[in-house]
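Residue numbering begins at 1 within each chain, and the chains themselves are lettered A, B, C and D in the order written.
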């Protein structure tokens, strides 16, 4: 009985994975297509990869997407983590107000956040560009950092900070040596969420980047002649990078798992 | 900790640097509307990087021009008219455009169009403010295997209403209403409410048909596989598609259509006015104009290039689309703000039907 | 004994909630002081004010006659054992204990040490009589600072002189080579004494091991702290707090989470540790037995006020009011009237007593400790009643005797059956008279 | 009264000396005010005012009345929300069993599977959508533009948002609970209904929110898989950029936001009810 269940659930999981990976497989396949078509096979070729690296627009869009994502992640993680620590020590009323406001961008459709920021930047006469785009990304990433890190901070024993200070650590060093190691996992999770959201964002970037800011999403959305196979090549490279990261992560997880079993 | 901080400081300063980097010629144009090689050549010759910033519609370009500074902008005729009216662009110094002669360099059809405009009851001298970049008209790209020329000649624009074949109407309020107004026998610059209402009703009936969708640039991809049999399209797009798919041909309805010209203009707040003129002059030379036309597929305003394109055997299969015939009722779009708002609102309702 | 800490009129309010209503307290060197009281009495707040975790609303806290309120927690010479130990879960036993040392051995702290040294010397220099000693002190200070900045400075100087000697050697002399080799050997031995990170780490390890041994935790250094039992965690917390060699160790109900047997063992051990370490312990508890067993001095607190300060025996035997009497041990508390010096009346009977100094006919409370009462045959004493309940408590029986006026609780080793009619007797020294509270 | 757990609980609430840390929140409070609260106020402001001569603004509800009188737009709003609800339900139907079956695997397999399911999120959303367009082009181009294509695309893109929170909650359920339930004679089905489902409801609800929200407002998927179909996100965008009618765009955004918030509020309420029930049981 149990075996059959296991088999059936295996089939289900496999089908889901097939659903998830079929389009990705097609993306990869057609990145090696010799002709421009994304639907008919014209022979094997690496030519789109050459094109990709020659295209200044795509490379700059990729680079900027990456820079913005990295910066937005770092800044929002720092701001959010510090805020989570401060919030845990604040009065309940204040805390509740802040946490509710923090939820606005989370329960609001992205497009509403986007036009809100657009209106803000325009009324401040801020010229749209990578600066406004970065601000916008920080604005929508930080709330996610807070909701990821805050519960962890709240669950900490408040006397840990006191203990560290008591043993001679300055308040900042107490944070660094006694608190951060314990919320590290939550901080990494928050960073991963922030990075993914920023890296993948379209709507908010589209509205706030002005006409000088371009990331991958905006580049693709405003492409005139459909999506060229260079994008498939780009995706393939991204998939390879992600796979390496995932593989690395997997090895780490396995090591940790083995260690836990041994203990 | 320190490393991270250092990285942040570095990146932030990088960003501000990039944001403040004004030392480039900023060209604002439709996406994919310039041969990038020309920009590289210009950079090499003048030692100044060119930053190409794409827009996806004239309306958006105008909104953004109010917020940001560009050196050269390439909008369409009616948008240029608006820019002139709103005092946002400066006159062209033709003495610096040595590669073109205002009087003799343009093909007859384009010249007459611009002259008509000058002599209109609401006169407009576009050449004072812009240097033509590309021009063309709007027509119907059709699948020669499914649609006969006879049908097109019989129904003209109404073919979209008559047929049940998969069809595409260009998703732009202006071009949609142009088609309707021309079919109904009115001016496409009409500001008569009854005429506009009639056009809206006509378009709504078409929009309710299941075979009609509203697209813009997607057709450039979709029509490679002849996904639709009838497509309302600009001549340049038609050239591109006919070049890639030999099932296709181009027909310009004789009841009249939109003849358009896109031009290079220099905003009043441009920072590099001289270099902007140099750029315009550079791109207007015979070699560059030819290269650009061959890359973008739109028709050049240079008489010599234009004639080469419609006589060369290499492009014989594209002649229908390359040749900009002028029919009696052809018009150029004018800037009529009060109509634009009505038409825009109506258009959103039509396409969401 | 020297006075170490003094609290002067310390008050604390959290919003509207007044927690401390003016605490005055003196604590001496090497004292084991217990703050005893029910929860919410302000004892923990008092401790946290001393530790620097809470600022008082008003009042002063003096350490060696100097106000320390402006000194943040991490610079105070106090260390704390927290109620639930607050061990760092991400560090093992060794690193937990080493935490304080590591915090004190780094650049920031070097600067702090220098500043402190400067302050100390500033005072000495100001007090110095003549300019000669002043100069001497200044040189001394500079030397000390150099030493803190570079602990190897003296050794380096030595090497320098040896090198100079090598330079000065006559290269043509016959024994040049052997002499040079000898000098180089000397340099090597000196270098071996250099304080390198490795040496420092070794010193740190030795010290940690010493303190782990002190709390009987040898062999546990690489254990993760959540794999320890409650008692072991407790010891880690103590070792961790002691390793910084504080002047005062603050203990916030450290035994509350342990089971009875372990608690009793730890009481004994704590007292041992305090004696060996020779430092002041301030111990917070609500458990009167703990307080009585361990303390040199008990401070009984209630409702933000100190009720009584004294040796355990005094507090037990001479409670100053009914609160203390009730809180410390079990008692029979009876309302009475002080007729005159040495005569007290309750339940309509006058008894001789040892108390005096009250007003005539003043209303008072009388405490009779259960172990001071005896059950005697019926009629041999003025108080008679019926045995109401009997409970065996191990060493003694707890017997309630119901008289017409009240129920007396009596601890006695003699068994009495329920329902038996008996009398209750006591000596005049057993009557403790207190002002009404 | 003098001892026991009460005193410990009380002590936890005591205020600790917090001053050195509270200032850490300042950058965030600045961010919260300037980049979250003020933009929201601006949207509201734009939606209820009309500019008259220079800097003079007049209060108006015209944008709202106009929106509700234009049935085409109301229908676009309704369509968007219905499509989003269908997408959410399908995501739930696929995502719940998927998350549940994953938790039944060995921990290491669980980690791999979750990684596999979330990894595509790192590939640009537009690219993933375009990949589906390519597949439709290959298999049956006539499906493009249909509700089916749009829903499929949305399910594809947003499925991980459903799986992740459910998985997180399910994986935290103490296996002892399953054993206890089996011990008490609960069948598999009964255990699932009485133990797993109630405990996982919070994950389900956050999954629903995380799918519903982006699905209702996506601009990308209807563009590529819906043949430029105008759904509510695109409508707002067009009102902003093509018509330059910011007030109208802001008004639509507010209506949309309110509808979504009401939906989220009710799902949250469902959650709270469940929690109370749960608390009472334990």
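Miscellaneous remarks
Note that in this section a residue touches a chain if its C-beta (ideal position, glycine included) is under 8 Å from a C-beta of that chain, and two chains touch if they have at least 3 such contacts.
Keep in mind the model is a prediction, meaning the values are calculated, not measured.
When chain centres are defined as mean Cα coordinates, C lies farthest from chain D.
The chain closest to the protein's centre is A, with centres computed as averages of CA atoms. Counting C-beta pairs in contact, the chain pair with the largest number is A-D.
Averaged C-alpha coordinates give centres for chain C and chain D that are 55 Å from one another.
The distance from the centre of chain A to the centre of chain C, with each centre set as the mean of the Cα atoms, comes to 51 Å.
Distance between chain centres (mean CA atoms), chain B to chain D: 40 Å.
Per-chain Cα centroids separate chain A from chain D by 16 Å. Shared interface positions of chain C, defined as residues touching 2 or more other chains, are 52-53, 72-73, 83. Within chain D, residues 16-17, 20, 137 each touch two or more of the remaining chains.
Residues of chain B in contact with at least two other chains: 218, 225. Residue ranges on chain A touching chain C, taken from their complex, read 157, 159-160, 162-171, 173-174, 177-178, 181-182. Residue ranges on chain A touching chain D, taken from their complex, read 6, 9, 12-13, 16-17, 19-24, 26-27, 30, 38-39, 79-80, 82-83, 85-87, 89-90, 98, 101-102, 104-105, 107-113, 115-120, 123, 135-136, 138-139, 142-143, 146, 158, 161-162, 171-172, 175, 196, 199-200, 202-203, 206-207, 216-217, 220-221, 227, 231, 234-235, 238-239, 242-243, 245-246, 249-250, 253-254, 257. On the side of chain B, the complex with chain D involves touching residues 57, 59-60, 63, 171, 173, 213-216, 218, 225, 227, 341, 344-345, 348-349, 351-353. Interface of chain A with chain B (complex): residues 36-37, 39, 56-57, 67, 70-71, 74-75, 122, 125, 127-131, 134, 176, 210-212, 222-227.
Taken together, the chain D residues at the contact with chain A in this complex read 12, 16-18, 20-29, 31-32, 34-40, 42-43, 46, 94, 97-98, 101-102, 104, 107-108, 111-113, 115-117, 119-128, 130-132, 134-135, 137-138, 156, 159, 209, 213-214, 216-217, 219-220, 223, 233, 236-237, 240, 246, 249-250, 253-254, 256-257, 260-261, 264.
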